[in-house]
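Before anything else, here is the set of structures, which you'll find just below.
Heads up, the next two complexes both have chain A, just with different partners, chain B and then chain C.
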Partner chain A sequence: MKEFLLGKLDGHALPHEWFTIGGSVAFVLLGLFVVLVLTRLKRWKWLWNEWLTSVDPKKIGIMYFLAAGFMLVRGGLDAIMIWLQQAISVDGSQGYLSADHFQQVFTAHGNIMVFFVAMGFIFGLINYIVPLQIGARDLASPFLNTLGFWLYIAGILMINMFFLLGGEYAATGWLAVAPLSGPEFSPGVGVDYLIWSLQISGVGTTLGAINFIMTILKMRAPGMTLWKMPLFTWGSLCSMIMAATVFPLLTATLFLLFLDRSFGTHFFTTGGGGDPMMYTNLIWMWGHPEVYILVIPAYGLFGEIVSTFSRKRVASYTANVLGLIGVSVFALSVWLHHFFTMGAGADINSFFGLMTIIIAVPTTVLVFVWIATMYKGRIRFTNPMLWFLGFMGVFATGGISGVMLGFPPADFQLHNSLFLVAHFHSNVIGGVLFGIFAGITYWFPKIAGFKLNQRIGRYAFWCWIAGFCLSFIPMYILGLMGATRRLDHYDSSTGWQPLYVMMLVGGFVIATGVALQIVQIIASAIEKRRLRDTTGDPWDGRSLEWATPSPAPFYNFAAIPQVTSRDAFWEMKKQGLPKPVYEDIVMPKNTAAGIYISILAFLAGFGFVWDIFWLAGLSILGIIICVIVRTFNEHTEYTIPAAEVEKLEEARARATKAADAHKVADTGEDMGLREFIKVVLKWAWDVIRNKRWRTW
Partner chain B sequence: MAHMVTALEKSHEEKVATDRVMFGFWVYLMTDLLMFAILFAVYAVLHGNTMGGPSDRDLFSLPLALGETLILLTSSFTCGLGMIAARLGKKNQVLVWFGLTFVLGLMFLGLEFREFAEFIHEGHTLTVNAFLSSFFALVGTHGLHITSGLIWLGVTLAFVWARGLNAHMVRKLALLSLFWHFLDIVWIFIFTIVYLRAFV
Partner chain C sequence: MTKPKSKLEDSKPVWLIFYCLFGLGLFLTMLLQGADIALFNPKGLIAGEQRNLIILTTVVMLLIAVPTIFLFYFFAWKYRETNDKATYDPHTRHGKLFMFTVWAIPSVFMVVLGSIMWTSTHKLAPQKPIASDVKPLTIQVVATRWKWIFIYPEEKIATVNFVQIPIDTPVTFQLTADEAPMSSFWIPHLSGQLYAMTGHVNHLNLMADTSGDYPGSSAEINGAGFAGMKFIARVSSKTIYDSWVQDIRTNSSSLSSTEYDRLISPSENNPAAFYALAETDLYDKVVMKYSGSHDHQANDDQTDNNHAQNHHMEHE
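So, the complex of A and B:
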């Protein structure tokens, strides 16, 4: 009976090691704090109505940013833990982590950074910006969008659940490669947590991708042909088509691994006729395109940033778009380069090696387009432009080392070494993360209504660059010296320790960069009145999102714009903005169905992790009922009459005018660090002296 | 004909929305197809790994598979007739044709269930070897899709019966019939690659 009710769950599952206890306490305290603040400020209803159940892609985008930012800190902590262990675990010292725990940390680091940081930020950007860029009021299916977001949140909860129950995460590496991840070699629940975390968020990604393909292909403003689409939208379209192509492969592969683990089948086992190599093939068929899914939207937004801040149209729009398409197409046929050493034979290795090297061609086309765009431009070195330039340097290094790894004979030497890890991080930090930072600093005025502090932003940027070099140049060298990846202990006679220590120092410099980015946002909020963007177009932008006020109203456009050319907004500014003709606007109603379904999906996954099959069954039944109720609800939209729209627009115009009048004159530079510390100390002193917490 | 136009294309917005949803559903079907592609590939790789146990030729019964195929094809035909009736706005015909589709789908599922039960009864379960694992995964996933199709069909018919045949319902039926034909096509491949190939 107990086994039926609780499955494998028992007292041993409760946290009993320092890191699970620490993690559990941290998460519980964080949760309690949030609950306390919300209750104290009486904000529950507001939170539920305005944010959680919202189907506005702008609000969902912001929620993606918050969740991904939180996970960036969580995954960054893992990175520091890895480096700290490697810096001190030499000879007699075993470091502070056991080998098994160390493996769990790097597995979690990989899963979190790829699925919940990079994917979260990218989906956030696409959610916020794409509808504005194509002149749409909403997405094709607002419901699928909120569902995708909440499945992503369920995935985040699932990946952190092991702190509270189970006490172990997968120790297999982020792809859970078979047969190591099979029931024979990983009997604990760690791999199950991995499977269900990725499975749930992966389904959300597939749904999101379908939704964005529909939106971009079917909901563009009149006149905007495919060849007039902004580059970020092009990048998003390519990326989402790739996601819809490969995420089903991930779902199927993880499903088979789940069957192996929970039902004793023989797909990837060593016995019973299973084929572990097939798992490697299948997972990389998804895994390699996945990194391109992350980076292609970044390529797109770099095109826009470089063109805006060089005050030129992009050098060759056609080459740029073809480059994006080329990268996405080739990216689907290079996966085997992840296991050249597995013995697929010379012919197959040659083909995939060649494809890997060829993919550098469209990428190089993109790089040259960006350089040509800067050529003879009047470049403004704002934060987004800095991130772009940093990207060019770091990403070029990563790209070149990638081509080196693409040669099968070289790969036989470099395979599984830290050289590979350094290559990979050059691309995901230099390409994806810098792209995300560039995008967020670029569109921040649109999202928040005020510009970011450029001065502290510069400090943060240089910390990232310096920290990156300190960490990853030694990593390349270590790789060439023969250090394999995922080492939790080594001999001092190798002479590696100084380089490992340098990596740790670099990690702290990067952490300083992250701290400065948080400071940057706070400092900007303090100076909000000076930095306010009342024009809606702070950078002299070129695409349609800048035609809306900052932040954009919930219906995005009071009147849907007519597009006649590329750089639609640039043309409009030259020809004078047309006077809007107001019309009735149909908007989707808020819905909590996505939240309910995601809670049930989480419970179902939890049931499968612990073999509590009644819970899994009931949850799936619940999901079916929720879907039926939702899809047969015919009243999911409401109409705002034209007169109401006009009233809203007039009210906003008045508010802008008032803000303009109160705007503090923009004198000189943004607040620096010293001034920031002064302001914060003054505020803290004021709080303490006047006992201001009494009124909180 | 005039009746049909008023029932379906009430407004331009409605038409645009239907067009969008249909397109999105096609994209979804493609993603589902890719999932099946993986299962087919896995079956192609593993179907010979019987570890000395009975092979596909020893286990499968061609008449049974042919029967299943004919039933499913017929259900696709009745589904098509139902769709014609839906576009003409004939509620009772919709209920009859789609009802028949439902019954045929149930019969298909029954036969599949019987086949599975027989295998399991004889000790050929999915844990025995890689061949049986991949067989059950592929055909079982198709069966799960049929099951969800039947739930969807049943619920939709109940709503048509209760609410009548409005534009929303016709759109739902159109999606449903797409899904059903899609499953039919997947089954044709299963019939060819799993069953027919075993006897070649």
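So, the complex of A and C:
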């Protein structure tokens, strides 16, 4: 009976390692704190109505940012744990983690950073910015979007369950390669957590991707042809088409692995006619394009940033768009370069090697276009531009090492070494993460209504750059010295330890950078009045998102703009903005269906992880019922009459005017670190002296 | 933001970055004094070729990357807002010639790199035997959890986590695995890596040209004992090698099936061990074990055997 009710779940699963207990306690305390604050401020209803059930892509975008930012810290802690172990576990010392735990940590690090940090941020940016850039009020299917977001949250919860509730995480590396991930070699629940976390969030990604393809293709403002779309929208379109192409492959592959593990099939096992090499193929057919899904929107937004801050149109729009399309097409046909070493013949290896270096062509074209854009421009070194400049150096290193790895004979030596790890971190940190940071600082005024503190932003940027050099230059060298990745201990005679220690130091410098980024946001909020953006166009921008006030109203545009050229808003500014004609606006209603389905999906996954099949079955039934009920709900939209829109717009104009009047004169430099500490200490002193907590 | 600055002040950060990178380089050079950078310190034919290829491709790429990166940062600096002398022309037109150039330059480089790649991939294919007058040596390798078993079929010896080969002799490693996930056989000083998988045989050819002990490992993660799955590859003269073989054949216990079963059961950080080989077809049995039978037992049934043989051939 107990087995039926709870499956494999029992007291042994509960957290019992110091770091899992620490993690659980920290998570629970954090949760309690949030609950307390919300209850005290009576904000539960507000949270539910204004945020959780919202279908507004801007709000969903912000929620993506918050979740991804939180997971960045979570995955960053994993990175520090990895480096700490490697810095001390020499010769007889086992370090502070067992091999198994160490492997769980780096597996979680990989999954979290790719699925829940990079994907989260990219989806956040696409959610917030793409509808504004194409002059749309909402999405093709707002429901799919909230469902996608909540499935992503369910995935986050699932990946953290192993230390919240207990059990273990996969110790297989982030892709859970077979047969290591099969029932024979990984009998615990770790791989099941991995499967269901990625499965649930992966389905969310597929749905989100389909939704954004429809949105970009069908909801553009009148006059905006495909060849007039802003570059970030182009990048997003390419990326989402790739996601819709390959994510079903991930779902299918993980499903087969699940069948192997839970129902004893033999798709990827060593015996019984299974073929583990098939798993490697399938997972990389998804895995390689996945990296490009992340980086292509970043390429797009770099094009816009360099154009805006050089005060020039992008040098060759056509070359830029063709570059983006070229990268995405070729990226679908290179997956085999991840396992040249599996033993394919020279013909096959050279074909995939060729495809790999061909990708360098459109990428180089993009770089040339950026250079030509800066040529004879007037470049402002704002924070977004700094991230772009930093990106170039780091990404070039990643690109060069990438082409080296694309040569099969060289790859035999470099594969699975730390050189490879340094290579893809150069690309993912340099390309994706710096792109995300550039995008967030660029669009922050649009999102929050005030600019980010530039000075502390610069400190954060330099910490990231310095930390990156300190961590990853030694990592490249270690790879050349023959150090394989994922080592939980090694001999001191190898001479690797000083370099590992250097990586750890670099890790702390990067952590300082992240802390400074958090400080940057707080410091900007303190100086909100001075940094307020009342124009809606703080950077002298070129595309339509700057035509809206900051932050944009929930209907984005009171009147849908008429687009006549690329750099639509730039042209409008030159020709004078037309007086808006107000019309009735149809907006989607809030819905909680996405939340319910995601809770059920989480429960189903949890049931499968612990073999609680009644729970899984009931939850799947529940999902089907929810979808049917939602499908027959015909009242999903409401209308705001034109008069109401006019009233809202006038109220906003008055508020802006008032804010303008109250705006503190811009006194030049932003608050520095010393000043920030002073302000915080003063505030703390004020709280203590006047016993302000009594009124909280 | 647009506070006017002197030119000197403007270029300060540029120099600072330069000094920092220089300092980092100096520090690393100090740190690496006397260190063994395996990939640039090859002790065999294949590893040497691979090093040359890595250097060649890097140089070719730097030919395009250095000017590009220089131009990138130079323009960013030259056309900064505070530089009044730089021209500002927002209407610069980039015509067909520009379009052609930006595609042509990387394409030319990729054609060059592509041809280097095609030839080198075929030349350095690991399954390709190395031409030499010396009679080649075959060593059968079984990856287990978590140790490497080396079987010398002709010498009739077997070793664990230690392999010795004669100098200047072509060696073919036949890689497979038993009761172990995919593992990767790698001796960085001698050659690149190749996967060892159950039911498959991958062929890795190499030839050492300097005597010495070189570290080998599993480069692919294969479970808890992964980091300790190391071995020593010793390269010695033919005479020393022969006496070593002789010594093992006479003085070591024989590798019985119970001993083999003990070897394939999981254990970590194993020391080297040496055996005389009792069954010469041990390796074939290991490979055939995975040829489609539902239980994990070796199957002596004739049809199954044939099937396995074919399977085996396919991957050669």
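Rule of thumb we're sticking to: the second predicted complex is superposed on the first by the 695 of 696 C-alpha atoms of A that agree within 3 Å, B and C clash if a C-alpha of one lies under 4 Å from a C-alpha of the other, contacts with A are read in each partner's own complex, and residues count from 1 in each chain.
FYI, a contact is a pair of C-beta atoms (placed from the backbone, for glycine too) under 8 Å apart; a residue touches a chain by one contact, two chains touch by 3 or more.
Bear in mind that the values here come from a model prediction, so they are computed numbers and not experimental data.
Trainee: Would you sort A:349 into first (chain B), second (chain C), both or neither based on which partner it touches?
Mentor: Only chain C; A:349 stays clear of chain B.
Trainee: Tell me the contact category for A:63 with respect to chain B and chain C: first, second, both or neither.
Mentor: Touch partners of A:63: none, neither chain B nor chain C.
Trainee: State whether A:634 touches chain B only (first), chain C only (second), both chains, or neither.
Mentor: first
Trainee: With both complexes overlaid on chain A, does A:185 touch chain B (first), chain C (second), both or neither?
Mentor: The second partner, chain C, only.
Trainee: After the superposition on A, what does A:481 contact: first (chain B), second (chain C), both or neither?
Mentor: Only chain C is touched by A:481; chain B is not.
Trainee: Looking at the overlay, does A:272 come into contact with chain B only (first), chain C only (second), both, or neither?
Mentor: So A:272 meets both chain B and chain C here.
Trainee: Quick check on the superposed pair: does A:365 touch chain B, chain C, both, or neither? Answer first, second, both or neither.
Mentor: A:365 contacts chain C only, not chain B.
Trainee: State whether chain B or chain C is in contact with more residues of chain A in the superposed arrangement.
Mentor: Here the partner covering more residues of chain A is C.
Trainee: Once the complexes are superposed, what residues of chain A are shared between the chain B interface and the chain C interface?
Mentor: Comparing the two interfaces on chain A, one with chain B and one with chain C, the shared residues are 272-273.
Trainee: Which positions of chain A touch chain B when the two form their complex?
Mentor: 140-141, 206, 210-211, 213-214, 217-219, 244-245, 247-249, 251-253, 256, 259, 263-267, 272-275, 278, 282, 586, 624, 628, 631-632, 634
Trainee: Given the complex with chain C, which residues does chain A contribute to the contact?
Mentor: Residues in contact with chain C: 98-100, 103, 171-173, 177-180, 185, 270-273, 276-277, 280, 310-313, 315-316, 318-319, 339, 341-343, 345-347, 349-350, 353-354, 357-358, 360-361, 364-365, 367-372, 374-382, 389, 392-393, 396, 399-400, 403-404, 406-417, 454, 466, 469-470, 473-474, 477, 479-482, 484-490, 494-495, 498-499, 502, 668.
Trainee: In the complex formed with chain A, which residues of chain C make contact?
Mentor: 1, 3, 20-21, 24, 28, 31-32, 34-40, 47, 49-51, 53-54, 57-58, 61-62, 64-65, 68-69, 71-73, 75-76, 79-81, 86-90, 92, 94, 98-99, 101-103, 105-107, 109-110, 113-114, 116-118, 120-128, 181-182, 184, 186, 188-189, 191-195, 197-200, 202, 215, 217-228, 268, 290, 292-296, 315
Trainee: Tell me, which parts of chain B touch chain A in their complex?
Mentor: Against chain A, chain B makes touches at 13, 19-21, 23-24, 27-28, 30-32, 34-35, 38-39, 41-42, 45-46, 49-51, 126-131, 133-134, 136-137, 151, 155, 159, 166, 168, 172.
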